[in-house]
Each structure stands twice: as C-alpha cells, then as structure tokens.
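Below is one structure, written out as structure tokens; comments come after it.
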Amino acid sequence: MADVELMTSPPIAASTKDEDLGLLKEVAARTAGISRLEMCIQCGTCGGSCPSAAAMDLTPRAVFALLRAGMREEALKSNTFWVCVSCYHCVVRCPQSVHIADVMYALKSMAIEANLYQDSTAPDFSHTFIGMVEDYGRSFEMGLAGIHYIKHFALRLPGMVPMATGMLTRGRMSLTPKRIKNMRQLRAILNRAKELEAEE
Amino acid sequence: MTRNQEERIGVYVCHCGTNIAGVVDVAQVAEWAAAKLQHRGVVIAREYKFMCSSLGQELIEKDIKELDLNRVVVAACSPHLHEKTFRTACANAGLNPFMCEMVSIREQVSWVHTDKSAATSKAMAMVSGGVERVRHHVPLEPLTVPIHPATLVVGGGIAGIQSALEIADAGHQVYVVEREPSIGGHMAQFDKTFPTLDCSACILTPKMVSVGTHPNVKLLTWSQVEKVEGYVGNFSVTIRKKARKIKEDLCTGCGICQEKCPKKVIDDVYEAGLGYRKAVYTPFPQAVPKFPVMDVANCTYYEKGTCKACEKFCPTDAIDFDQQDEILNVQVGNIILATGYDLFDARRISNYGYGRLPNVFSSLEFERLSNAAGPTNGQVVLRDGKTIPKSVGIVHCVGSRDRNYNNYCSVICCMQSIKFAHLVHERTGATVYNFYIDIRAAFKDYDEFYQRILEEGTQFIRGKVAEISDVPRVASEEGKLIIQVEDTLAGKQRRIPVDMVILSSGLQPRADSKATAKVFGISCSANGWYIEKHPKLDPVATMTEGIFIAGCAQGPKDIPASVAQGAAAAARVLGKIEQKEVALEPVRASVIEDQCSGCRICNGLCPFNAISFLEDRMVTEINPALCQGCGTCVAACPAGAIVGTGFSNEQVMAQIEGLMLMNIEPAEVIA
Amino acid sequence: MKDYLLYPGCSMEYSARAYALSLDAISGPLGLRLKELDDWNCCGATEYLGISRTPAYALIARNLAIAGQASNGTNDLVAPCSACYLNLAKADHYMQEQPQLGAKVNEALAVGELTYRPGSLNIRHLLDVIVNDVGLEEVEKHVVQPLSGLRLAPYLGCMVPRPDYGHRWSDHEFPTELDSLLKALGADVVDYPLKTECCGGHMPQIGPEMGFEMIRRLIASADRLETDAMVTMCPMCQLNLDAYQGETNQFFKTHFHMPILFFTQLMGLAFGIEPKELGFGLELVSARNVLDALGVKAPPETPPAPPKRARRPEGLPMPGPLPKGNPSEQKIREVV
Amino acid sequence: MSENAKPKFAMYWAAACGGCEIAVLNTHEKILDVDATFEVVFWPVAMDAKYKDVEAMEDGSILLTLFNGGIRSDENEHIAKLLRRKSKLMVAFGSCANEGCIPGLANLSDSRELVHTAFNTITTDNPHEIYPMTSYDVPEGEIHIPTILPVLKTLAQVVDVDYFMPGCPPESHQIAAVIDLVIQAIQGKAQLPPKGSVIGAGSSTVCDECKRTRSVKSIKAFQRIWAIAAEPTVCLLEQGIPCNGPATRSGCDARCPAAGAQCIGCYGPADGVVDYGARLISSFASVIDSNDPVEIDRILDGLVDPTGQFYRFNLAGSLLRAAVPAWKKAKV
Amino acid sequence: MTDAFEPTIIGFTCNWCSYRAADLAGTARIKYPANVRLVRLMCSGRLDPTFVFKALASGADGVMITGCHPGECHYLEQNYKALRRFQLMQRTLKGLGLESGRIKLLWASAAEGARFASEVAAFVEEIRALGPLHWGRADASEAVGAEVAEGPRLQEVSA
C-alpha cells in the first residue's frame, strides 16, 4: 500500500496534469496528409521563418515540444496556430519536411473542440466565414471583415469608414454574397463530411 | 557432379544471443532438423549461443572428428560475415572448407520478421534448403593468382598522399593519379586546422614534396583513370594524361610564363572563386609537381590564334602548344580510391542569399579569405576587399541534416565553424555569432576547443538559421545583413544584424562519384558515398577484392580520420602484397568437353574474355584465371556442357527442393 | 491554343473585380480559352481547414469533381486566386498522399452524386499558364505600349510558390516567373527581395497590429527601391496592401502611396487596352501615376538595360548563378 | 511355336502415332535377327495376343520390352505396370514414351476440353451432347472403356525404366545397333550400358553432327524458315531461324538442318539436362542483341509461339509437365 | 498461422547487390512478411530458367528474380542477359497458362535495403491476391473419365 502511495504521489516540481504521450500521435492523425510531426528535431526553422512570430506567445517549435511532452492544455491554449498566416515558409524550409501549416490547422480544430483559446477573435472569424459559406456557398470577405470588426474592433470602425466607403463606391464590396444554385447538394455533402469526421 | 561417400551432415543453429533466438525458436529448429532431415543425412543438429565464438567453432570441429561428418550446415548470420569463420573451422578439423554451407537466419529471418511461428518455420525451410544444397557440395581448392606488387592510388588529397607514402616507404611501386594540376586536395586550401590550429600548409607541404620526389612513386597529375580491367592482383588500368602543353622534361617551374601571361581568370577550384589565376598556372606556390598547366579554354592563343607570351618568355622553351593527351596503361595488384568530396553548393538555399548577397561567404571562400597565402593575404574583409567586419554570423549545418538537400550530418562543420569563429575573432575582433542545431564535438580535444572558443566570447545561438536578408525593418538593421532565426533556448524569434555571414557548407560526394564507382566496379550508397565492405569491421575494403577506399570518398570525415583511413588502406594493400598471391573463391565455370558441341552460344557472353573457341577441336574452353564466376555461361549453355563450381545446377535445384520441403512427406511439413 | 477550366473564386466577383476585368480583356488577344466551372463554390480560403478537416476538403473537392466532369479535352484547372489555387492543389495532393482522406471525401461527395479521382486534374495558377503555356514570346508579340520607365516590384505572395506540390515554380523563395513576364512587357523590374513574403492574410481582421506591421514591411521595402507600383497575382495580397494601406499609414504615421495592381492589368496596358476595361480606378491607392508615366512617355527607343549587378573591379569576385539544369537544383522532398 | 529357350521379346504401343513400330520394321533384314534371337511373346501391332496371356506369364520372364507411346489412359498405365513386372529390360522407346512428344502437347489443355473437342466440335456432329461413358450396362453385363488421365505422362513417370531410346521415331540404324548390342550381350560378347542410360543416341547435341559453319552468335531478329532464303552453309540460328539443334541430343546425323530445315528437337535434351525448354529459352535469350526491354520485346515478337517452339516434344517430360489449366482441372 | 492463404515465394538474389540489400534490410531491422525464401546466386546472369521452373514445379506460388540495376552489374553487363531471359521466360510461361504477375524482376542495389523490403512486401500481397498455384502438386493419376461422362446418357438411337 505504502509503496503504491509513494509511487503515485508525484515529485512536486514535475507538471503532472494531463500528460498523455499519445498527444503527438493524436495531432498527427488529425492532420491532413502525412504530418511527419514525430520527426521534429526542434531546430527552430519554423519559428525563425515565421513572419508573424512576433505576435505568437509560443513558437511552433515550442508547441511541438509541448505536444511531445503531452501537455495538452498548455499546447492548445497558445495563440500560435491562430496567428499562423499559412505562408508555408516553415513548410518548405523544415529540414524534416514536417507539414507544419497543416498541423496548425489540426491544432485549431482541436483547440475549438476543447474550448481552449484566450482570444476568441480568430476562431470567431473562421466561424463567421464558414457560416457564410455554408449558407451561400460563396464568401464575400469585405462584408465579413465589416461584421467581424463590429464584433471585435468597434473602436477601430471609424478608421475603417473611408476604406469601406471606398470599397463600396468602387463596387468592390457587397453586403450580400451570391448564392450558388445547388445549395442543397453542397449542404448534403458538408453534412455527410461532418459525420465522417466525427467518426474518427 | 559426383559425390564422395554417403552424406554425414551436421547442422548448427546459432542463437546469436537474442538476435536470432529472440524471434526464432532455435531449439525447435535444431530438433526438427535432427528428426525430419535424418533421412537426408543429418546425423547431428545442435543449437548454441554464439556459433562464431571459439567455443562454437570447437563444437563443430569436435563433431566433424568424432561423428566423422563430411558436410556442415551453419544457420546463423549472413555468409558475408562469417562464412570464412566456419570454413576455417571445417578446415581445422580436416574437412574441406567448401563442404560448409551457411544459412542466414538472422538477416533474412529474425531481424526482418515479427511473427515467431512464421519465422521459425521459415528458418526450418531454409535449413532444409541448406542441407539439400550441401549434399551436392564437393571439395574445392581455392584458385591462387600472383599479386602484382604495384598499387594505384586515385586522388592526391591527404588520404591519398598518406596511403601512397605508406606503401612507397615499404618499398613498393605506387602510381598516384590526380585530376588537378597539383596534389594536396582540399587541405591545401586551408589556413589552420582544428582543434590544434596548426598551419595546414606547414604540415601538408612536406608530405606533398616527398610524394613528388619519392623513388617509388610515379606521380600522374592532370590525369584521369579511364578504364580498369582484370581482378584483384592483376588490374590493368588505362590512364589519360591530359596535355599540360608544357614539356615537363624542360620546365624548371620558374613561373615566368605565369608572370607574363596576360589572361586573368577567376580560380574556381583552388581559390574557391574568390581569387584570380592566369591562363597558364600552377594553382599555388607549393604545388607538386612544380610544372604549370595551360588552361586551353581560357588561353588567348587558343581563342584568337595569337599571343604566345608564355612561349616568348620561357627560358627553356618548355611551352608546347601542340602537345596531345597521352594514354598510359599500368599494371597494378591493388587500387586505393581517395577521390574526396565536393562542397555543398550553398546557392541552392536561396533564402541564405549566397550568390545574391555579396557578404555571404561559403566556408571554402572563408578558408581562402583567412589564408595567409590567399587573395587577401589572410585579411578577413568584406566582398569590397577592404572593410573589416564588426560582426560576423557563422551558420552551421548548411545543406546538411536537411531532407531538402543532404539528409546526413557532414561531421566536420561544427568544428570548422568553431575554428572560423576563432579566426574571425583573432583577425578582426568582431562579435561572432555561431548558429547551430547541435554542437557535435566528439573526438579527442574537440570539446576542449569548443570550450576555448566559448571563453573567447563567441555567442552560440541554438537555432537553424531561417533566412538571411538585407531588408531592414528597423533603423539598427540599415545596411546590415540580418540573420533571422529562432533562438530555441530563449524560445523567441531573433533578427541579428551582422556585416558578414559565413555558411558552413556540408560535404557531398563528388558529382561524378557514381560514374567513378562504375569504372572501378564498386558500389555507391544512395547519396553517392562509396560503400565499405563492412561498416564496422571492414571500413576501408570494398565488395570488390583488391579495391580499397579512404578519406571522404567513403563519407564525410576530418583530416585525422582521413589520414588514419589512408594508412589503414595502405596497410591492407601491403598485407596483400606480402601474401604474394591471392586465393580466389573457387567459384568458376568449366566446360565438359565431350558434351560441348561447339554451338558457340556462350562465346559472346563473357565480359572478361575468359571464353575462347578452339577451332581445331570445335569446342569451347574457359580460362579459369580470367573467369570471375558469374555463371552466365553456365546458365546459357543449351547442352548443359558448362558446369559452375560452388553454384552448380545440382546445388541450386536441390536447395530449391529443400526450401520447398519437397524432401519431406507433405504431412510432416510444419505449416 | 489550349482550352482551360477556370475556377474564378469569390474575390473575383467583388474585391478583385479589377483582376477579373483585366483577365477578361487580355485573354482575347492571347487566345486563352477559359471555361468557367458551372456552379462552383467557395474554396473555404484558410478558414475552413482550421475548423474541420473532412468538410473542408469536401468543400474544395466539390469543385474538383465538377471540373472532372466538365473536363472534355482538357484537364488543366486554372485558378487566378492564390488561396484558391493552393486549396485546390492541396486537396488533390492530400487525397492521394492520404488515401483514407481521399476515400472519406469521396464518400461525402457521393451523397451529392459526385466523385473525384485525385491526380486526374492539373491544378495551375494563371501566371504559370501565361508564362509556360502561352509563353513570353507570344506575350511580347502583343505589346504595343511597352511599359518602359515604369519601376515595378513583382510581388507573388506566399501561396503560389509554396508549398508547390506540383514542382511548377522555379524557386520557393525567389521565383523569377513574374519578373520575366514584366520584363517582357518592357517594364523596369525591381529586384524585390520580399516578393514571396506574406501580406498578412487574415491578420488585418484578427490581429490588426500584426497585420499592419506585415503590410508596412512590404510597402516600405518596395518604397525604398523607388517602386512606382507593386504587381500582384493574388486578390488577398492586393486587398491587404491596397485597402489597408490607409490604415497602415495612420497606424505608423507614414505616408506611403504605393499602388497595388494585378499583373493582368499591366499586361492590358502594354497591349494597349483602355485602362477602364482593365479595372483601373477600382484601386483605393490610385494608380494614376502609373498611367501618367506611360501617358507622357514618347514611344520608347530601346528598352532600358537590365539593372546591372556588376562586380566592383577591385574587391572580391562573387559566385556566379547556380548552373541551370543542375538536378540537385530541385529540392528533394520524398513523401514518406 | 514350340517352347524353346529363346529369350522373350515384347513391344507395346501406348499413346503414340505408330511411327516407332514402322521404324522398327524399317530395320529391314535386321528384323529377322530379332525373330531368330527372340521369341516374340507380345506385339499387338504384329501379332495377336491378349492381356490375360501376359498376365499369365511369370514375372521377369520377358527379357526385352520396347515400350512406345505416352501414358494417356488408365489402360496405358495398367499395361505399362504389367509389362514392367514381366520384363527384365524395360526400354522407353521413342519420343512419346521418353518425353510425351506430340500427344504430350495435349497437356496444354485440360482433359475435359480434349474430350469435348474430340466429341463435340467441327470434327463430330453431336447435337445431343453425347459423350462416351467409362462403364455401361449391357445385357451381357457391364462393359468398360479406358478412362483418360488428366495429363499425359511419360513412361518413367509411372514405372521404373531401364533404358531410354529417344527419337521421333528413333533412327532405324540406331535401332539396329541397339538390337545388335542386346543380342551380343545375350551371347556374352558385350556389356550393356549402366541402367538408366540413354541408348541409340549421342551424348552431345545436334550441332555436333551439323555441318553448317558456326561463329559467335548475336540475334537481331527471329525469322520463320519460309520467310527468308536461308544461307545453305551457315548455322540457321545465326540467320535468325529458331533452330533447336544446340539443345537437342545428337544421334540423328542432323538430318533436318542438313536438309535446310531447323531442328525441332525430337531427340530431346542432352545428357544431364533437366528441362529442355529452359535450356533453349536461356540460350536463345542470351544471344539476343539488345539491352533495351522494348527492343528485346520487338525481337521476341518474331518468335511465334515460344511454348510450342521449346516444348513441342518435351512438354510431358519437362519440369512443369503440363499447363496450369490441366493441373487446375485435375484438382477438381 | 491464420487460415488465410500464405503464399510461398522463392527469391533469387545476386551476391553483390540484392543479397546485400536483403542483408541491409536485416541490419536496419526493416520488417517484411516471412513468405519469401531466398536463394543466393553470384549474379542474376547465373539465373537459369530451369531454376524458376523448378521452383514453380516444387509448389512455389511466385518467383522473384533480383539483380543489380542496369549498368551497375558487378560483372559489367550480365544482368542484361537476365533481363532478356526473363522476357522470353514470361512469354513461354504465358503459353503454359501462368499469370505474368507470378514472376517479378526487381533491380535492387546493395544500398536499397528499405526498397528491397517494401518490394517483397508488395509482391507477397500481389501473389496473395492471385491465390495459390500448386503447379504439378495435383494428383495427376486421378482419372477424369467419370466427370466427362456427365453429359446426357447414351440413348438407344431408334430410326
């Protein structure tokens, strides 16, 4: 009994919460294509290449280290993958050919599921966007930006006005998107796809 | 093939520790063989921890004597590892060594299969195959051929120089073939060598000179091997000696021709593109031999038909514009390949800006820059030729450990970069940053050297450099090269402005290494490095008897390792020369004359010209010394009149029957 | 001239109308026959991929499936928008690399009575088609108003040269295709070092400060090279650099005036087509300076010599360009 | 004839064309020596005899049996075994008994197809799909006809054979020589060769006896004999004509090549050869003059029906013995 | 062992490349199915078609012939002879009703351990898909007369 106690009571220093060593595999499995995530040698090429690294709380490399360590919460609540701009610099430079950008997408969806993110701006933007796509089959980014600004950066709206009007007067922005003809088909496909994704 | 008395076969199954026993039930295999193959002549079947150990061998020898075995099957590792061992064991016990057959149940079974029962039954089948095969073995006497005492060394870098001198000093003839105008190789381009920082030229030049002057060395620079024929002990090599356009017998190497030559050319080889040479030139002052060569592609005379300045001024009329290439043929017994490496071309990594950003230098460029005999007399300056850098970034692993370029580690770059850091610090006092993924400072005194450079205040930043750019984001970056990198230990992206960047480019196989390998009939790894006979136990021999490799041709390595390998290869060659003759595997083809109808199907099939047709008797004959034992003619003879020892039809067919367990009642076959 | 299937993408309808108009105007003279896909849908940009994998790929693949049906005679699917181009290529690539994904996507498509066989289409970007299929010689033939004297910065953005599943581009970081096209139009092409840096993508929306900073970097660098206009091939890049330039200036108290044009608009100009038909005037940062420069220009004598990268006579020589056709030139990327 | 002490002689004709029998008669007056030396006890083609008479004989009482023909039916097999039991010397006589010969080509198809072809195709008008039955009840009782085996077998595949005498048919002078030898042996004047050896033929191949001049071979195209005017003195194979001579046992004096036709291989493989066809495949292919798969294919297109080319006589006697279908059906 | 069909495959290897590739696969511990049993020859040029026929006649379901890559033969050019024989052998075996997929020619250098393993694995699956061969293992003495007589019974033919 006592031994068991001893064995189960952890040294204070070590982080013990939700350490699961399957995490890395899990992420790899949820990534499109063959991620090669397990091949990361922590060289930092990704973090060095990233144009938006300045805005990241953790560099991609650091996130991968957390995944390897099985620290789910720490990894998923970082803003790294939300700030990722999908420029693929890291992907083409990675000496281990890790599909970094696609891992980022996988992490986004995992963070949303786990409801782990500090700032809802980015996830919201994605949701507004796909909401629109699921309703119309098309997107109209400027209208989208407008909506998004109203929600998150109301203060900045005045600054937006000249641009918005400019866009409107030039017919570069509309308030309703076109709707595709066969919306029923698209919805059916997306619904089936969602079921299939859920099966994982 | 006739077989002597009735077969008494011993079967020996090796555990190889757990290497085999971990997957294959060796005990079951042995029992099975003893029981099921008894009617095929198996009188004893044993299993043992390590058959290759002296105890294991004694076990076999004892059985041969006591049980009067006349055939032995050893189920263990690949014959390429231990066939010799067990043949010797048989010989010790008075049995002809060729009455032994090896079955590879490690490389072909336990190491590659996971399903234990499947692996075990495969092992049984393979043993059965071995037993059936060995029944058809016949005593053979190895063929011995004399070894020609001369040796060919290809490549005049430090590895080649070392092996040439070792052999020459032992009193044997050596031919050294070098395709550049002088020997010396890459080492001649360096200024200092790590970790001792002694002057490269100072330690290399004496060796070069003794190669040039050694009575036993025939030095052929500006030359290339075109053809290699024959086999161990008896190679016949065709060498093209390119026209120097200089009469070597008259030339004194005074160098006046170079002075007078009006044509300046960028020297891409010796000066790594950082300096100039003339159209007639010796690459560097200490060149061996001292004779210059004429660069026909760039010489004004060959372009325009006039000039001949060199000829006018040559005091000994040594210039010969009409000189032609010479084709030489030499006989040698052994060959050492020390063809070296190429530097990775950093222009391939466009985000490092080499070739686009003037002050990004390659490692070889920096070697020249820092070399007292180099274009700047050892002054470390920017591309403008005068400005001394105040901050320098040194990038490790350029083109190495990177699946986009070369996936292997180039071994020398870490120490080289640390050496650069020291030289820069010493010559300029600049702030030095080294960017690394891991510091690999194995081997004697290397880590100490690293420690010393740390003391000098070099900033080591752990992170693979992402990009080098000249586009400033802030004022402090104006006019600088910015090295963008993640400092993985700080976990932050950093942009470090510097005046100069040195790319520690990796090593890669010679562009033509595969072609060269073909000429000499050895094999290359997928990357293009030459493959050694055994990665641990036979690092300088190749699969091809009589051909050895040394230096970077075999894989990236530093100077001490290259020298050691050069010497090792020489020792192997000397060993062969001392044997005076070499025993060839008695795997040979021969013709049964009264079955040969002289149809001449086989006559055109032998690339070694071992097959000849005797018009008078209208039969074909095979010269055993020339025959390499490939067996193509054996397979081709329509009359079955050609037999091949060691791999006879009977042996192979019997082995197939055995593998398919045709020798056992189907009922008894273990699924 | 070949036929092509065209996937315009949502932006072409509004924010990138100039792109649509100018493409329309030049494809006639070039004999480009672009057949727009019937009832195509949004590719999901970079947003859907981050929400849920299979639906995201199904969304893209619906277009591929439609294209597959429409492809009689041609199997080249052309996208002018970088994000669309990448998404289409990505779906095609991963459906092969990861058969399970391919199977799932097709299972989803099946309910819409659609299916797509990965690898059956060539996904091409418009620039690739114009440079490699139409060819620069052909383009030059149509130039009546060379753009001589115009200093243009070729700006490709990220998603076309990277990750480049089809190995179609000369380099991941410094591709030369757009440069040579603009040269063919007679323009004075700036050696723009940030030609494949990121415009910020959705950053202006989700993290404006970072977004503006990324925009600033690009414009500042073009500005210091005395660029008359930046030439892009991506609606997203154009939008960010053009529409947010004002805000960026406010944010950093800078006064950049950098017109952002689509390469098709400049081709149109060189072909002597009316600026209006090319969507000039739709940009927020006016490109009048460009038109003026050409307007006042007398018909050019000899086109200006290319900017010389001469080695200073003293100083140390530079390594030459990487030899062409060098097999090692292409990066080896085994897919494990 | 009365019971004299003459050694007994038998000859049997299984699945074969009868050519072997004719060849024996072609020995002309030599046939008289046979009659003089032997008492012919069983020779269905030459004299009347019943199986039961043979069955009645004492085992090993027949000195010499020349068995020609392959084993196609259970009757063939029965008699082969019977004669083996009764004979001292069992000789596989002629190509059929040795290696299956032309009847052996039936092994390319399964036996039901054979029967069908024989009884219900153009050769036979059989609207009612009537096939022979192996047994049938008649008022006199049940009658039997032989049943056909799935694959034709060579004599050696069913019984132990003492000597092999190849040829389709064996050359008459060779037969004469063999008969002489046996008679001499009987009279103790000569030694018989060791059991299992090939008699009445050479040990090397047809090229040995072929007068055509030969040089190093390299085939750029295969020709059919009628397609070209073959050079009369040069090796046919070198002219691209697929001549089986190089792999075929000598003993026929190279009659075909001498007559300008390629050897088709009726004397079978030479000493120590396991598979006749394999030898030819290997040797023909080895001397094809190309390293390019496509070009090689083009050249091989000139070799119409390789299977027939290499296994015309030897199929039943080859390693594989029959085509896959034959075996597959046999397993049903 | 599962009752799923486990094919037996005989593989002929060249002493200089493919046999060493197999060794390399071993030293690198690369796994592949146990269905292949290798025979070592000095060169693919030694490959006598007889060996292949022998293997098939002995019950092998497939045969794998391996040698050095074209132009890399240890004996300079003998692997080309193997190529030619392979092509003629394929044609002949086709005539004997064999699926061409049962015999495979593979070039593998001494460095290609991983490739060797994956090719073997692939081949095993191809053969598994083709099913058992059992050439010549059938009991050929079993008569089929009875079976062929299954047609309509012989009738009295009345005018």
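Just so it is clear, A, B, C, D and E label the chains in written order, and each chain counts residues from 1 on its own.
Basically, contacts are C-beta pairs under 8 Å (C-beta built on N, C-alpha and C of every residue); 3 or more make two chains touch, one makes a residue touch a chain.
Just so it is clear, the structure is predicted and the values come from calculations on it, not from any experiment.
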Quiz prompt | Shared interface partners, meaning chains that touch subunit A and subunit C | solution = B
Self-check item: Interchain contact steps from subunit D to subunit E (minimum; 1 if touching)
Solution: 1
Exercise. Could you find the chain whose CA centre sits the greatest distance from that of subunit B?
Key: D
Quiz item: Of all chain pairs, which one counts the most C-beta contacts?
Solution: A-C
Self-check item: Whole-Å gap separating subunit B and subunit C, where each centre is the average of the chain's CA atoms
Solution: 47
Self-check item: Distance between the centres, which are taken as Cα means, of subunit D and subunit C, whole angstrom
Solution: 78
Quiz item: Where the centres are mean C-alpha positions, what is the separation of subunit B from subunit D, in Å?
Solution: 58
Quiz prompt | Interchain centroid distance [CA atoms averaged], subunit C/subunit E, Å | solution = 53
Practice problem: Would you please write down the residue numbers of subunit B that are in contact with two or more other chains? | Solution: 351, 403-404, 467, 605, 632, 635-636, 649, 653
Quiz item: Where in subunit D do residues touch two or more other chains at once?
Solution: 274, 279, 282, 286
Exercise. Would you pick out the residues of subunit E that each touch at least 2 other chains?
Key: 48, 50, 54, 77, 81, 85
Practice problem: Kindly provide every pair of chains that touch. | Solution: A-B, A-C, B-C, B-D, B-E, D-E
Self-check item: Residues of subunit D touching subunit E in the complex
Solution: 74, 77, 108, 111-112, 115-116, 128-134, 136, 146-151, 153, 274-275, 277-279, 281-282, 284-286, 288, 290-291, 293, 296-297, 300, 303, 305-308, 310, 318-325, 327-332
Quiz item: Taking the complex as given, what residues does subunit A use to touch subunit B?
Solution: 41-50, 53-54, 58-59, 61-62, 89, 92-93, 95-97
Quiz item: What residues of subunit A sit close enough to touch subunit C in their complex?
Solution: 30, 32-34, 36, 51-52, 54-55, 81-83, 85-89, 91-92, 97, 101-102, 104-106, 108-109, 112, 121-122, 125-127, 129-130, 133, 137-142, 144-145, 148-149, 153, 156, 159-160, 162-163, 166-167, 170-174, 177-178, 180-182, 185-186, 188-194, 196-197
Quiz item: Across the complex, what residues on subunit B touch subunit A?
Solution: 351, 397, 401-404, 437, 462-467, 484-488, 491-493
Quiz item: Inside the complex, what are the residues of subunit B that reach subunit D?
Solution: 594-605, 613, 632, 635-641, 649, 653
